[in-house]
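One chain, chain A, links the two complexes that follow: it is found with chain B in the first and with chain C in the second.
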Partner chain A sequence: MAKVFELSTLRLRVYWRLSVKRLLVFLVIGLLLIGSLSARSVGYALGYYGQSVEADSELTSSGAEFSLVYKPFNLAFANPSVIGRTALGTLEDGTYTVPYLQIGLGLDLFRTTRHPFNFLAHNIIAYSPMIGVSYAFDPRRDTALLALEVSPFKLIQKDFWYEVLSPFFLYDIVKGEMDSWGFNIIRFTYFLK
Partner chain B sequence: MKRLCLLFLLVLFLFFTLGCSSTSHMLSPKVLDDTLPLEEKLLSFNIPKVQVTYPTVYYDGLEWRDRLIELIEGAEDYLITSAFLASSSEELEGLYAALVRKAESGVRVYFVVDGTGPFDMTETRFHLIPLKFLRDSGVHLLEYSPMSAARLVSGINLLYRDHRKFLIIDGKHLAVGGMNLNYISIGASEEDLQRDSMYEFYSPSLAATMLDHFVPWWNEQSWETINREDFPVDWQAADGLKTYDAFYVDQHPKSDKLSLLFGSLLNEAEHEIKVLPFLPFMDKHMMEAFRRAQERGVDVTMIVPFDKRVGNRKGIEFMAKDLLTMGINLRIEKESDASQRLLHEKLMIVDDRYVVIGSTNINYRSFNLAYETALVIDSPELAKQVEAHFDSLYENTMPITEEMAEKWQKFSSYPRFVFGFIGG
Partner chain C sequence: MQKRVLLLIIVLVLAFPAFAGYFDVGITLGTNAHLGEKDLDPSRLKLAWGASIGLTDVWELDIQANTQLVPTFLDTTSVSFLIQRALLGQRSTGGQTAGMGINSLVGLGVMLSPYTLDGRTTLSHLLVSLTPLTVGSPVIGKRERALTVTLAYNLHTKQVGVLFDLLKFDFYVVGSYKDYR
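This part shows the complex of A and B:
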């Protein structure tokens, strides 16, 4: 009886994992198809991350993060973007590591230029917090994960995003537990003309 | 691995800076096609034809500043201005106060300045008040591609600058030229004031064209979205006035428009070309286009300004040897009291007929890495007027000889040449 329960639970998790993957792939492809390649729609980002792996503290790392971003629209609410991301960091012993590869969706919840941070920028800048969900892969452990990210302090211009202190969580769907968490300390995204 | 990475980055850098050069279009088959009339050629390059009245020419920055204040005070609905370098100073308080008053009175004021403005390295740096205060009065101020540590992420794209200088008021008054809105352009006393030019005229068709370019460009940069239909043109502005055919280029970085325009004009020339290039950091295609014109029997005269800024001067001197390969009458201003005031003007006159004005320097940076304006006016009358001005400048020049060029091409000047070529 216990074995049957375990088997069905495993099936359910695998099903979940595949469903989430499929859903993400579907959404990413859908956005790519309906969006157009116009000025300021494709960008790249540089950032600095710190990540703590719950299951294996030796895999805790920090370093540079690189992203490619596709933002087909400039919607004032629920503005979507496709984000591909990887990082190159160092472990505590100084060895280089690639902690994750990600592909997923970002969603700017809203955009407003009425906020107290305009003094920070040369031009009028908008406040636009973002949430993101991605399919993540940890190449060190050959593990697929679900990444959730929040950018509560995100300021945007038409050609530039500034993000600070964005927490992220990597969830192991198969095991049904939190795998790791961390912060993107700072991230700058530039959109090409 | 490190070497490979460095090599990759170097190739990437060269690809973005040099690989995308549009100046090869100066020698494209269509540009060199002698069977096509100039007008047909330019229209096929999507360079629109407009009608402009005879311009009022301002060679004195202080005179232009006073006229500018007058124009600003007369604005009733909207005012759009763009300058590469713009900042306030004691001498420019009147100008910026006029802008503030207009914005506060409800006139829509759009002010574009390039992000290098606060890093002005000319004499202006001792007289520089940043313009952020304009925003408090309701001026829609946009700093193009600001220079900040965070924006270093944009890498090579930081090289793209907005070098345009223009003014549009109420779809009626227009001005283009080379003058910035800073101390040395329109505020300084005699010894520091640059020599430059601005051209003011009426042209409903050009106003409409400039607005057609400006509105989408602005919306690409700013959250303050604007609509083209909110910027009407006064279609009666030039009624009863004689007009001349003109062609307008609003160049964006990596665009080939300027190369096509200048290439076509050089190919069109039959007997004479006179050029004030400002900083002639030309690449091989540009030099070849001039060389071909000279080889066809066209007298090409180019005046290189005397630049008291040693860095720029050494950079230009370094490439004098290359410039001489064009075989043209290459002149440099003599060092004198007059030439201490930098000749910032950009001008080309072709066959006593076509006058090219605007913000465009005849160099690689303007043709490839900057937003620029260029207006070709087909007017023998205007050509005669600006030729007289050119000839007066010519009197204080001397030919650049092989010996001088040989002496100037020192390796120690090479970094200045590279800096000038990419950033000049």
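This part shows the complex of A and C:
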């Protein structure tokens, strides 16, 4: 009886994994197909981050952040993007560290050219604040976290995003407390296609 | 000592534009890192903000505040005053001509900060600065300064630290092509 139960549980798990995999494959193919309709959708980013770890201050670090961005649409409101991030920084003692790996969703709340920041650029540039939510993993502690990010000062052009002073918060869902926080002081995203 | 430095800065600010006929003001925003003095300044991420004031076609005064963001948000702020000279030609033509788009800067200055033995904010460092690359100019209205390295001699501890500014932007509100139409 126990063996039958174990087998059915195993079967269920296999079915579940297969269906999730199928769903993911469909999602990726769907996004790629829709993405090909837009002019520019895949980009990479370079940023400068600083992170303060509340749980362990010795893990506080700063350095370079790298991102890959997929932006399938070009909506004026609630424009979504899929963002993967990682960073390479140094700890207080100069040791190199990878503070997080992230995969998540960004949402440009709106896009407007009527804003007070046009003096920052030679050409007219759009203002498009973003919020983001991601699954984050801290490889140093084997810890899964929920990442929340806000880009209140995000300026965009056809093939560029410029972000300044973007705060982020990493939340430990299991413990129910904030794990760490930080800033991306500056981030440039360039869209290849 | 502080009074003398302040007086010197004020005199320079007032005197240069009157004699040279070149004058521009840019708002500075960027990044800053203070290295080599961890005991006095444990910051990991700093926001650089301030003003870049054109004094002549090759000289400028840069007033820059560096505010700590990480690990403690808005904890300490230092302020540096640098007199800098353009090394690769005119930084501004003082007219509609764009002039040099790429330049380098070298400068001398002082820093007021709480990075002293007693933590009191005072004149703390003497500065020697090199910016190997600037792109843009006041006339264009925007300039980027990259990879600025500043040696900072601490007058109190007699040690040398390093200030490193990865990237800074100057947004000119006075002295751009708009003012020479």
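What we mean here is this: the second predicted complex is superposed on the first by the 153 of 193 C-alpha atoms of A that agree within 3 Å, B and C clash if a C-alpha of one lies under 4 Å from a C-alpha of the other, contacts with A are read in each partner's own complex, and residues count from 1 in each chain.
Going forward, contacts are C-beta pairs under 8 Å (C-beta built on N, C-alpha and C of every residue); 3 or more make two chains touch, one makes a residue touch a chain.
Being a predicted model, the structure only gives us computed values, none of them experimental.
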Which of chain B and chain C A:182 touches, first, second, both or neither: second
First, second, both or neither for A:83, with chain B first and chain C second: neither
First, second, both or neither for A:133, with chain B first and chain C second: neither
Touching partner for A:190 - first (chain B), second (chain C), both, neither: first
Partner chain(s) touched by A:122 [first = chain B, second = chain C, both, neither]: both
First (chain B), second (chain C), both or neither touched by A:59: neither
Partner chain in contact with A:160 - chain B first, chain C second, else both or neither: first
Contact residues of chain A, present in both the chain B and the chain C interface: 121-122
Touching residues on chain C, where the partner in the complex is chain A: 29-31, 33, 38, 42, 44-45, 47, 69-72, 140-142, 166-167, 169, 171, 173
For the chain A and chain C complex, residues of the former touching the latter: 48-52, 57, 60-62, 92, 119-122, 164-165, 182-183, 185-186
For the chain A and chain B complex, residues of the former touching the latter: 39-40, 44-46, 111, 113, 121-126, 157-160, 162, 188-190, 192-193
Chain B residues within the chain A interface of the complex: 115, 141-143, 145-146, 148, 150-151, 153-155, 157, 160, 220-224, 252-253
